[in-house]
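For reference, chains read A, B, C and D in written order, and residue numbers begin at 1 within each chain.
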Amino acid sequence: MHTTKSYRLYQLSKAGRLCVPAMNINDSVTKQKFDNLYCCRESILDGLKRLTDVMFGGKQVVVCGYGEVGKGCSAALKAMGSIVYITEVDPICALQACMDCFRLVKLNDVIRQVDMVITCTGNKNVVGRDYLDRMKNGCIVCNMGHSNTEIDVASLRSPELTWERVRSQVDHVIWPDGKRIILLAEGHLLNLSCSTVPTFILSITATTQVYYFYNLYNAPEGRYNKDVYLLPKKMDEFVAGLHLPTFDAHLTELTDEQAKYLGLTKTGPFKPNYYRWGNTHTHSHLKHIMHIYTVKAGMNMNSNVIWRSSMFLWLTVRVFIAGTNPWK
Amino acid sequence: MHTTKSYRLYQLSKAGRLCVPAMNINDSVTKQKFDNLYCCRESILDGLKRLTDVMFGGKQVVVCGYGEVGKGCSAALKAMGSIVYITEVDPICALQACMDCFRLVKLNDVIRQVDMVITCTGNKNVVGRDYLDRMKNGCIVCNMGHSNTEIDVASLRSPELTWERVRSQVDHVIWPDGKRIILLAEGHLLNLSCSTVPTFILSITATTQVYYFYNLYNAPEGRYNKDVYLLPKKMDEFVAGLHLPTFDAHLTELTDEQAKYLGLTKTGPFKPNYYRWGNTHTHSHLKHIMHIYTVKAGMNMNSNVIWRSSMFLWLTVRVFIAGTNPWK
Amino acid sequence: MHTTKSYRLYQLSKAGRLCVPAMNINDSVTKQKFDNLYCCRESILDGLKRLTDVMFGGKQVVVCGYGEVGKGCSAALKAMGSIVYITEVDPICALQACMDCFRLVKLNDVIRQVDMVITCTGNKNVVGRDYLDRMKNGCIVCNMGHSNTEIDVASLRSPELTWERVRSQVDHVIWPDGKRIILLAEGHLLNLSCSTVPTFILSITATTQVYYFYNLYNAPEGRYNKDVYLLPKKMDEFVAGLHLPTFDAHLTELTDEQAKYLGLTKTGPFKPNYYRWGNTHTHSHLKHIMHIYTVKAGMNMNSNVIWRSSMFLWLTVRVFIAGTNPWK
Amino acid sequence: MHTTKSYRLYQLSKAGRLCVPAMNINDSVTKQKFDNLYCCRESILDGLKRLTDVMFGGKQVVVCGYGEVGKGCSAALKAMGSIVYITEVDPICALQACMDCFRLVKLNDVIRQVDMVITCTGNKNVVGRDYLDRMKNGCIVCNMGHSNTEIDVASLRSPELTWERVRSQVDHVIWPDGKRIILLAEGHLLNLSCSTVPTFILSITATTQVYYFYNLYNAPEGRYNKDVYLLPKKMDEFVAGLHLPTFDAHLTELTDEQAKYLGLTKTGPFKPNYYRWGNTHTHSHLKHIMHIYTVKAGMNMNSNVIWRSSMFLWLTVRVFIAGTNPWK
């Protein structure tokens, strides 16, 4: 579930218009801190390379938005030698960007000089026609944020501009004076449209989602009202723990004395936790699902995102829509 | 307020033994994401250099704990060319460490080979005598975490080991076979004992703290019970915003249309917010405090931590203990 | 020209068997410090992603060889969150790897645990059958170094192993126990076979090559014997200078006083220079070539390496083989 | 020996005014690629912190010069979260700066906005009075380059400016309007005046220097004329090899087949080598040199450092005093 979409859920809930219980998967740590951040760190480079063969070194890039997606994109681009500028509306994210070695600018101040513009705000009309008009020749414009609202693509469909389809997902939009900007995926999400997504990260998100659905499905009558819920920390920890062996990573266990000192149980949750989690007999089933993902992830053989999305859809459909519980 | 100490507050609250309302400053974003992370990123290098003149390049270091403090320390050391290993008990932080390019290990598996051991767990007895016995000659041991519990220093005060004070805050502990480990600050916090702390970051934390106290002080009768409270997001945003001009950072403002689309007011809060904040006439006063800090931060002239702590204490004493409100 | 191939030239020269003058382009700074380093920094990620969709975060990778190619590959992988090990035979490069935050290991010591093996040595049989036998399931093996000698692919063509072509340039080699390794480009150069190469870097190399040929073609009778020559520093500087405007980069000029102090002319060469360069009326012609490359580079439209190679071949054929000088 | 000073030697040699043979140690790879780069990477942060307690995160810094020293300084500052601009006169270094993710600017274009100015050019009057006049309040100015010529300190000793000594090596220079700049070490070398230098790197340089002297002293009559010489690669490799065990680094050995393929002997040199290494004794000179270094090393009190210095002494004693030559 998408960040902006989770706001929508809370809006519905607040308005009393949510007709079923909803789980806010986007804000679970295993989604937000892994999928949004690390996935985008990988896919921004992959998407740009596959579509444009652009060199990253020395390029000036403005990343609009410094949430998890913006953090991932800007970290990757900086790491590959780009000079990255950030725009933000939230002062906290803005201050983080500063401390992380990025210049915080208004789009207006850098639009003429940048080689790439990447939107990650979840907002609309972040890159309007006025900005598009002032971009320099050859500027690449793409969206890593929310649906297709961030770039005002509609404004480019006007008689004075010529569109030239260079290859799938790549359009040159040509101004009367010959200037062209390179628009990717017609402003839709670059990482979903044009790059692969690491199956490992997908596995984290998918496992989390399955847990959410399972939790919802198994809940005793009356536990969940027509509201938006977050997954308990302990389950996030469980999902994370399932993925550690891939890295040959060795977790440290608390001693009895240490657990007592910290006021924790030795098996977690290790962070404050206001939620409860029911029966745990599902773990072995989940491990089976994990196995499927891990085999794929381990071999890196997945041919495309579509397959993986189907896989995930199948899982959730089995659990949720069709009303059967595959683990019982 | 320290991470582990905030756990203590929640424990007291849960046990019904909290006798006044308490504010959890540690978990406010301006404290946790700035002070813990960025402050430690700066002070770990500074503290180690001032005390030991150690070269960072190529050194093998194990950082125990990958919370914000551990993230800051390991990022700085990696950036300076050290090879960093991480130990963790929480699978989520562990998985982050893996994705951030660190080997997740058990202390036991690397203790013989590392050149430095840095504790950032908030836990006790993380580095016990058995580990100290197996460290190699010249290994540096220090604590960036919680009070002086993380390294079992008491176990080193035994007859078969010789202590040699090399300089202030630096002890060589010498084994019968001549092996020496270099213990810093006798296991107390390195960043508080032996390094300076960036005044800019201190200013963020101090401003946040002052807001908390002010909020508590000004609250109408009955608003706060004997419980632990978090500062509303909007105030975190305000504190962050006060610090942006230092970086000549330019915040973007939402258009009316965008604010409506996101369901936000144009002045924030920009993130979900479940708290309320009272009167806002204090902002101009706060700006005055900010001015004091900014002058100091801008000139980088603060001679030591003690001065700054005193400054902060004075402020809070004025506000809280003495019962006067300087802004009225 | 390739590093190992330039050694071959010097061998021929030493043996008195070089039958024409040769120019060592590989060791010119604009080739070695840009093409080898920055090109590989970009293409290692691109090649691996396109062929395998592998996630880089947290992966353990061993890079064999820490010359410019190895430096580029390991920098990129570390930047994307991989844990990189280096093998080296030269103690100087080895010490650089240590200082740059990599563990220097023997291949034997990490071969069982790594997720990827990348060869960049210019040597032969760096990854022999004994290593291939011990790799873990799913390990990716590829070559960024010299022709196809580095991985002993011949040893894998034996009856007990099954080859499965997964897609173009990707083979699974399957052991009797089911273990599979993923061999890319059958051990040929990954960056030439399977990824794009930044046209900007190609332009630097190609411009340098054209200068070499031009210099050779225009040399007065008797200037060059049957030996191996390096391009004068001044020409390297000229080539570099031609490429700066792409980055909107502003070069500082020496004042008269400064030039005198350093014993340099204001137009360079800025570094010690033992070679002479003849007539300079070619610059305007070269700028024309540059223009062609820059147009392509700016728009990022080049579809493949082949086109670019052809372009370059055409240029050199015009200059060198066909015996015409397009600039006269 | 300093970079600019080695130019001086070549100038003397060219003019026939060099009265003894000279060894160019500065351009040996173990000096240039280790001392200049890695030493400065460590000491720039250390020097700035000790003198000013400045926070690096988010600060705008201009580094003048992108040679090895400039590369080290800018890499460290970028790694710690600063936004770094580079000025250069040499187009090759300039292009490297661009590819390494720095904006290449003229000092004039950023002088009003930067928080720090660091000179690493080896040139004179890089920061003249006109720039000093335009710096913003609180700007830190220091020199990592060549003697005390880079900053025009003399121009600041004028009646309208007030000097205020804040602490040892730190002066505030105050303009009539109250603006102050923070001048470090009165423009002398920051890393020599105000920071420690990693003894490990010092050991590399010192060992190289000792070898040079030894080589010079032992040379048969007539081998060296009144000219400037470089150390043979093999000796650089030997010096590097002596320092690898500190990192527990494991060098790979060439097989017979591989050495033959590359046309190398298995013990190196691994890179082209036009020099020869002789033998004989020079112990009195060595003793003196060692004395100087031991005093310096003694100031950095890490025990492992002391060990290494001893190790180094032992080695040189073996070679020089005891009259045995381990390379025979």
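As a convention for this text, a residue touches a chain if its C-beta (ideal position, glycine included) is under 8 Å from a C-beta of that chain, and two chains touch if they have at least 3 such contacts.
Just so it is clear, the structure is predicted and the values come from calculations on it, not from any experiment.
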{"item": "Farthest-lying chain, centroid of Cα atoms versus that of chain C", "value": "B"}
{"item": "Between B-C and C-D, the pair with more C-beta contacts", "value": "C-D"}
{"item": "Rounded Å distance, chain B centre to chain D centre (Cα mean)", "value": "35"}
{"item": "Whole-Å separation of chain centres (CA-atom averages), chain B against chain C", "value": "44"}
{"item": "Euclidean distance of C-alpha centroids - chain C vs chain D, Å", "value": "28"}
{"item": "Touching two or more other chains - residue numbers and ranges from chain D", "value": "38, 57-58, 81, 98-99, 103, 247"}
{"item": "Sites on chain B touched by chain A in the complex", "value": "4, 7, 10-11, 29-30, 33-34, 38, 87-92, 94-99, 103-107, 109, 122-126, 149, 204, 236-238, 240-241, 243-244, 247, 249-255, 257-258, 261-263, 268, 270-272"}
{"item": "Residue ranges of chain C touching chain B (in the complex, touch as defined)", "value": "57-58, 78, 81-83, 98-103"}
{"item": "Residues of chain B that touch chain D when the two form their complex", "value": "38, 41-42, 45-46, 49-50, 52-58, 60, 76, 79-81, 113, 115, 137-138, 166-167, 170, 172, 180, 182, 196, 198-201, 246-248, 297-303"}
